[in-house]
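What follows is a set of structures for review.
After this come two complexes, each holding chain A, first together with chain B and then together with chain C.
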Partner chain A sequence: MAAMSPSERRLQKELMSLMREPPPGVHVDGDQAGQNLTQWIIHMEGAKGTLYEGERFQLQFKFSSKYPFDSPEVTFIGGNIPVHPHVYSNGHICLSILTDDWSPALSVQSVCLSIVSMLSSCKEKKRPPDNSFYVKTCNKNPKKTKWWYHDDSV
Partner chain B sequence: MSKCELAEMSTAKEQPGPSKPSGSAQEEKERDERMFECNICLDTAKDAVVSMCGHLFCWPCLYQWLETRPARQLCPVCKAAISKEKVIPLYGRGITKQEDPRNNVPPRPAGQRSEPEANAGFSGFGFGEGGFHMSFGIGAFPFGFFTSTFNFGETRPGAAPRGSPQFLEEQFLSKVFLWVALVFICWLVMA
Partner chain C sequence: MDPHECSEIISRHPELILVSNNPVTWEGMLSVTVNAAEKSKVRIKLTLPNFPALNGATLSFGKNPEILCHRDFSRKSRILIESAVTVTSFLKQLQILIGEALHSHLPCLTSINNHSIISELEAMTHSPCDLRLSTSHGLNLIELVSKNIRVRLQRDAKCSDTWKIVSSDLAQLQGCELVVGATMSLHDAGNKLDKQVESLENVWEHLKDIDRNCWVIDPLIPMPHHIYRRIKINSSLSILININPLQPTSLPAIKILGSDSEVAKYREIVSGNFELWDPSNSLSENLRILLNLEEFPQATLTKDEKQCDSGLFNDEECCICFSLELNDNELPEKVCNNNTCRKQFHTACLLQVHGMATSNTWQSSGIQSTAWRLPTLRAKHIVSCRIGHHTNCQ
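And then the complex of A and B:
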C-alpha cells in the first residue's frame, strides 16, 4: 500500500467506491481489476426502456501511469458490441470526454454513466457511416484516432 | 437513493442521544473528509489551493494538469477558465511545515493580502510623515464640502436675493465646490 504511485492510489480509491456503490446497470469485475489496477473490465446492461434493454456489454478500461491526467483507453470488447452510431464494430467509441474533453475530475464511474446515457439516447441502431473504412484503417488504440465528434445528441 | 440516505441521516439525528447509531458518525466523518478531497487525486488536498470558481485541488495536482494542457487552461470540474496565478492557497490551522514539496513543482503561489479599505479621514494621523500629509490635505476638505452643501439651496441671512446675479454666482460657486469635493473624494477612494 505504501509503495503505490499516485495513479494507483487513485485507481484503488475509484475501484473501492465503484464496488461499494455501483451506478445502476454497471458492475466492475473487482477481482480482475484488483489483480491488475491498470486494466479493468466493466459489465454494463442496456437500460430499461431503451433500444438496448436486456443486452449486456463489456467495456475495457486501460490506464496509463499518467492517469488521471491522461484519459483512460476505453473500448467495448467481447461478443456483443452495441450497434450505435458512435460505436465502431471493433469496439472503439467516438466520445469526446475520452480524448479532447477529458478532465482529471472525471472518473471510471462518470465515463460509464456517459456511455450509458449515450446508448440510452439512441433512436436508431446503426453503425457509424464510416464504420468499415475506419475499422480497416484505424490504430488499435482509439486514443490515436483524430476524432471528428458528431453531435452529442445522437 | 441519495435522498433516502439523507432522510435516514436526519431521522437518525433526531433520535435522542443514546440510541444514536454509531454508523452515522462514521458516515458523517467520511462526508466531512470528502469535502476536502482534491478533485484530481481524491485524497485530502495537500498544499491546498482553490480556483476562482471554488474548486479544491492539491497544488501539485492542479499544476500538473495545467502543464498537461497548456493550451486549454480549464477547471477540471466546471471548465471555467483558470490560471496558475489565479488560485488561492488555503491555510488551515496549524502551520504545515514544508512537507516534501514534490520535485519539479514550483512553490504554491503565496496568498495575496489586500489592505482593508482606506482608513477613513483623520485616523490617518498616526501613520508617519507620508500619512500625515496625506490625511491632512484630505481631512481639511470635508469641511469645505460640508459647508458648500450646507449652503446649497438654503438661504442664509444676508444671502443675495433670489434671481440677482450675485445669487446665481453664489449658487454656481457652491456647485463648483461640490463638484471639486466629489472629484476629490472619488480620487481618494481610488487611491
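And then the complex of A and C:
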C-alpha cells in the first residue's frame, strides 16, 4: 500500500473517529467516504426541540489535497435543504469557519457541530434575503462566495 | 543393435552397463570432471527406444546432487539429447554439462582472501575489546556488537582489506566515524566501536537515570545514539536537554519549550538555580533542583492506553495533522500560548499555516529558549462558531 499523505492520514483518522463516536444526530456514510477519502456524505438530523426536529439533511464535504490547511467545501445536498437564514436554496452555507475563520485545528466533527448549532439556534425558518439573486449568480463552489459578493458590490 | 556403437560406449564408459535390449537401456555410473582437482561419478539411466538414434531418449539420474534436478539443468540436458548425433557424443557432452553444473555449485572454497579475513577476525576476538562478532555465510558481511550497539560491515568487492559500513546504531551520533558508507579495515572498525561505546557508557548511565525518573516525550524509543531527552514538565512546557558526552554530569545544554508565559516563568527559575548544579548529584536530581520541582510529573497514560484512546487526537498529538510523529520522527514542540487552549503543534505544520512563524531565540548563560507566539490560529474556536451572513461580514 502506498504511503498516505499527511492529509489522507488525517482524513482517515477523522473518518474513524466520526464513525466510532459520531456527535448526536450526525452520521457519516463510512463506505462511501472509505472509497473516496476526498468526498464524504454526512447525514444530519434536526435536533430535538428545534425548528428542524424530525427533518433529515445531507451534507457534502469535499477536501482538497491541502486539507486541513485549506478548508473543506461544505454544502447541503439532496432533496431537503434546510430553510435557514444562512443556508441558500442551492445548499450553500454562510458560515465563517468554512471560509475566513477556518483553522486547521478545526475538523469535520467541529464543522458538523457548528452546523447543528447554527440550525438549532434558528428562530424563524426563512431563506437568506438575497437568496434568489445569490443562487442565480454564485459560483458552484461556495468557497468563492465572498469573492463574488465583493466583486459584485464594487 | 549396432555392435560398433555398443563397444564404443563400453570402452569409453566402463561403468555403464547395457541392462536391457528392449528398449535399449544403459545404466550405471558416468564419471565427470568437476575441476582440475576433483572428479566425481554420477548415476544415470539412459533409455533409447530407437537406438542407435537418440530420438525418444529419456535420461534419469539416481541419488544425485540437487543441482541435477534443477529446471535449468533439465532444459540443457534435453537440448543435448535433441542436438547430439550419436550416443557417444551425447554422453561426452553430458559429462561436460554435469561437470560444469557441479563445479558452479561447489560450496565456497576457502580462498587466500578469506584466510586473511579469518586471521583478522581471530585477532579481534583475542583483543581486549568486549566485542561480539558474527558473520554471514561466505564472510561477506560482518556484524560487530558491543554492549548492544551494532555495526554491520560489508566486504569491498575489489579489496578484501576494506570494509564498508552498511548499518550502524551510532550512525546519527554527532562526530561518530561509524557512519553508513564509511570504509575502513575491520580492525579499525572494532577499535572505533569499542572507543565510542566506552565514551558513551557513562552518558547512557545518566540517561537511564533520566528515563527512570522523568516523563520523557522525545525520543519515543530511546536509541543508543540519542543523547538528548525532552522531558515533559506540564501541559504547556517541556525541557530539552542535550548531554555533553565528555562531561555528562556537568550542566547540559537546556532548551525550554512551551507557551510564552510558562517559558518565561521557567527561564527565570532556571536562571536563579544555576549555582545549585552539583556534578556529584544525579542528573535527574540536579534537573529537579534546577527546575524547582517537588518531583517530576509522570506519564499519565502508557502507550497501550493511548492506542485505545478513541478521541480525534490526544493531548500530545499535533492538532493540525492529528499525528504524533511527522516526517523524520519530528514531535510537536510548539504549544499554543492561550492558556485555555494549550494545544500542541509541529513546527512544520504551523509554518505551513502561516507561511512563516515568528520566532526568536533567547540565549544566555547556557540556556536556550525559543520564545514563540502562536499567530492568529483560532484553535479555541473548535466548537464555538461564528455565524455571519456573508452580506454582513465585509
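We take it that the second predicted complex is superposed on the first by the 144 of 154 C-alpha atoms of A that agree within 3 Å, B and C clash if a C-alpha of one lies under 4 Å from a C-alpha of the other, contacts with A are read in each partner's own complex, and residues count from 1 in each chain.
Criterion: a contact is a pair of C-beta atoms (placed from the backbone, for glycine too) under 8 Å apart; a residue touches a chain by one contact, two chains touch by 3 or more.
None of these values were measured; they are calculated from a predicted model.
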Determine, under the contact definition given at the top, whether A:S96 touches first (chain B), second (chain C), both, or neither. second
In this superposition, which partner touches a larger number of chain A residues, chain B or chain C? C
Which of chain B and chain C A:P128 touches, first, second, both or neither: second
Looking at the overlay, does A:V87 come into contact with chain B only (first), chain C only (second), both, or neither? neither
Going by the contact rule set out at the top, does A:S117 touch chain B (first), chain C (second), both, or neither? second
Where does A:A105 make contact in the superposed view: on chain B (first), on chain C (second), on both, or on neither? both
Figure out whether A:I42 sits in contact with chain B (first) or chain C (second), or with both, or with neither. neither
Contacts of chain A common to chain B and chain C in the A-superposed view 6, 9-10, 13-14, 68-69, 103-106
Inside the complex, what are the residues of chain C that reach chain A? 310-313, 319-323, 326, 343, 349, 352-353, 377-379, 381-383, 385-391, 393-394
As the complex stands, chain A meets chain B at residues 6, 9-10, 13-14, 66, 68-70, 103-106
Contacts from chain B onto chain A in the complex sit at residues 39-43, 55, 61, 64-65, 68, 74, 76-77, 79
Can you name the residues of chain A that touch chain C in the complex? 6, 9-10, 13-14, 17, 20-21, 68-69, 85-86, 94-97, 100-101, 103-107, 109-110, 113-114, 117-118, 121, 128-130, 145-146, 149-150, 153
